[in-house]
Amino acid sequence: DLPLTLIAGPCQLESLDHALMIAEQMAAACAEAGARFIFKASYDKANRTSLNGKRGLGLDEGLRVLSEVRSRIGCPVLTDIHGAEQCAAVAQAVDVLQIPAFLCRQTDLLLAAGETGAAINVKKGQFLAPWDMPNVVAKLESTGNKRLLLTERGTSFGYNTLVADMRALPQMAKTGYPVVMDATHSVQQPGGQGGSSGGQREFAPVMARAAVSLGIASVFIETHEAPDTAPSDGPNMIPLDQMPALVRSLMAFDALAKADPLRL
Amino acid sequence: DLPLTLIAGPCQLESLDHALMIAEQMAAACAEAGARFIFKASYDKANRTSLNGKRGLGLDEGLRVLSEVRSRIGCPVLTDIHGAEQCAAVAQAVDVLQIPAFLCRQTDLLLAAGETGAAINVKKGQFLAPWDMPNVVAKLESTGNKRLLLTERGTSFGYNTLVADMRALPQMAKTGYPVVMDATHSVQQPGGQGGSSGGQREFAPVMARAAVSLGIASVFIETHEAPDTAPSDGPNMIPLDQMPALVRSLMAFDALAKADPLRL
Amino acid sequence: DLPLTLIAGPCQLESLDHALMIAEQMAAACAEAGARFIFKASYDKANRTSLNGKRGLGLDEGLRVLSEVRSRIGCPVLTDIHGAEQCAAVAQAVDVLQIPAFLCRQTDLLLAAGETGAAINVKKGQFLAPWDMPNVVAKLESTGNKRLLLTERGTSFGYNTLVADMRALPQMAKTGYPVVMDATHSVQQPGGQGGSSGGQREFAPVMARAAVSLGIASVFIETHEAPDTAPSDGPNMIPLDQMPALVRSLMAFDALAKADPLRL
Amino acid sequence: DLPLTLIAGPCQLESLDHALMIAEQMAAACAEAGARFIFKASYDKANRTSLNGKRGLGLDEGLRVLSEVRSRIGCPVLTDIHGAEQCAAVAQAVDVLQIPAFLCRQTDLLLAAGETGAAINVKKGQFLAPWDMPNVVAKLESTGNKRLLLTERGTSFGYNTLVADMRALPQMAKTGYPVVMDATHSVQQPGGQGGSSGGQREFAPVMARAAVSLGIASVFIETHEAPDTAPSDGPNMIPLDQMPALVRSLMAFDALAKADPLRL
């Protein structure tokens, strides 16, 4: 029942300066509001809708930037991995390895990630029921690693649409692990713009607030100073200058929720 | 931005004594917590899964009981209607006419209900997108009636399952009308028990809290002193003795949400 | 294992001449191809997306036209009903009463329809699983009426979209009653054009052929000489001049399917 | 408009003898019915529901068996790959590389597979709309490889359920590439048995026939001599002794469909 943790940052790493700028502003916003903060950014967007989508800085340069953010800002950092062979190197540079939703059942990736001993955040696949996550957890736990987080990021609902089922949060919490709401990906419209995904940015704070009111451990939010020109996920990222007010607001709901836990 | 209204009561009318007992306890719980209260119960379950399901007291006896509850408890009462020909009589006895979700596109029923001048609560069909509700609203408004409420009660999600999309609440609020979250029907499992519907009662407070945190006008909850032996919807009704604590809890989230409105 | 029956006609009745023209052409196309034919048209579109949508000729004039079609063309006629009070009168004029999908769980309507003794075609609700249809069947059978048909017309799949699950056809056939595929409504996009429904007319023959290959009893197809200017359901109706070729094609698949029944 | 190709075999490789036995019987059944045949089996089930599920023979032994089947039975062989680093080796031993549905957007895997020059069968993700497949195709085509097949294997429909949308077949055919219906995975119930997936084996022939009637290039069917004791996907595999009759039946529908192509 610790205060809410914000996992936040740009969808993809663009440069060291850019990462530091966002991490610094987010760290300040979280500190002011009493939230804990983990910086998030991807070194490789490995499953873009289209081949033309920018993929990011790549592994080597990406890890350099993430290390730098960690040491200069003094916050934990999280990034996502895409193959078993990347896990060991990435675990040197970051605090939390993230399993992408599409890959949440790839056994070798889960085992390799777990074996690093780093904390692991698994995103529930868009195709997975919340009550199927214990199978994913068991794969990770088989490595002896019990530093796990489970994230809801929306479930397939017809074509090009996701829906976030609030029941998934307490369902996944039954595993005993901290639960994260991914407020920006759950309002994505996958493939909704033909060659890229659309999104409904205006509903990300709706998802965040509804989920925080249920007493979850963490909210995941992608943010950018200029989402409309960001290299990926612009339609669903929250403008950076709106984040301080959003974090303050979420912390008020978090305090109330933690003082009045749901009993299921 | 008035305080939250609880629309609550048993799924179906069983007897005058039973209705008075529930209305009295709910009215007291709401008064104590600072919530407004509307008593809800059905005189006819007109679309039971199976022919063997009990349908209730019927129109004449049902309206007598509802009138009695209104005058003795001093609270507004709401009931659902199933045909255009019932509207005028029902509007004599109750304050709010409710359009069932399956019937939310039946033009004649909407027009007859609207023409009574009573307040109308329309449940969004399980097959309807939230942005399609303005068409429903326009049918009602064509009668000159602008005392409308719009309710989310879950959307079809595969077979025998509903999902409550939190985005539907602010979407429907764009109409300018008060929005209601039906916390107990949205966790129904339609037809999920073969000859009757199943439900996940434990998640009803989850839905209620998430929705209230978004600043909605009202929560709809079916309740019963012994849900497991109730004549209908037992699997998703909340036990009556848990309601006072739930209402108190919701009012705390309501106060916070109303003080910090979402800006979409 | 009789040859395929085509249930076909315009979405709504427009005039006697119009109904006779379509019925005559469809009867000829079916006779030539060896198919049986039932003329279908609605006297009242009682659940239009928007209040501005045309509703049709109304009960009295509609029944006159349907009777006339029946006697002049010599084919059975089918129409849909919207309230229990309409059933007796409609059953005088037509051979098959149709229960609309939204109303497939309205007990009183089912009972009143069953009691007429007319054949009843029930459309499975967009919100209903195929294995829930036996409950609907039992309501009808309770009247002693066993002249039933069960129709698949698509199931809710996200917002503004339906999907036709081919498994529903053999599932519903387990009841022992003839199964109908509604090829044009299953490609509807409900509410998909704001104030009216969209549709994907080009996929209606896909649905029809896939379903007929499974050995079903009947295909339901709405058709019009100029779908783009039709008063309702234009986006999914098949142009009348394409029907003869389509019927011939379906009959070839029907013959093969009936000679080689699926064994489940 | 070549005759139908059967892609068939056991879910996972169990031994050389087992693979040869199935390949031999399937090759004979296909030859007798006039169908072309590609043997399918997996060397690694890399995304089992649970860690306890058997994964198969592994890469080295698996490729040895697949090569042996190819040379002894004289049929092309297909297997699925799970990482970019596997593609070159696998392409030495088999004719068709298959991209698993969960991995259909992993850019590096698609590029590495395409670069082998082998034929590539991509399964459409359970989370992907059919009209999003051109983005997947473009990734593969960027390698100069135009020997592609596109497979429908079902789309997420609520929790633990898939639905096969027949519209997806002609939609994907618009790319100009051959379209495959995966008749056994589309009736899977993912995670539906807690620690493993369930399935509705009885509906696999339904899916196959409906799809073949639309004139597709190929049907994918997993088969086993004793599905109920198979190491994976038993609930949805078709018993081997039922395959000859099924192939004969499908070929009759294939001939009719190819003689009467759908015009969209």
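Lettered A, B, C and D in written order, each chain numbered from 1.
Everything below uses one rule, namely that a contact is a pair of C-beta atoms (placed from the backbone, for glycine too) under 8 Å apart; a residue touches a chain by one contact, two chains touch by 3 or more.
Here the structure is a predicted model, which means the values were calculated and not measured.
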Intersection of the contact lists for chain C and chain D: A, B
Pair sharing more residue contacts (C-beta pairs) when B-D is set against A-D: A-D
Whole-Å gap separating chain A and chain B, where each centre is the average of the chain's CA atoms: 36
Centre-of-Cα separation between chain D and chain B, whole angstrom: 48
Gap in Å, rounded to a whole number, between the CA centres of chain D and chain A: 33
Chain B: positions in contact with at least two other chains: 155, 157, 159, 163
Residues of chain B touching chain D in the complex: 157-159, 161, 163
Sites on chain D touched by chain A in the complex: 46-51, 55, 82-85, 102-103, 105-108, 125-129, 131-132, 135, 138-139, 142, 155-156, 159-160, 190-191, 195
Residue ranges of chain A touching chain B (in the complex, touch as defined): 155, 157, 163-167, 169-170, 187, 200, 202-203, 205-207, 209-214, 249, 252-253, 256, 260, 262, 264
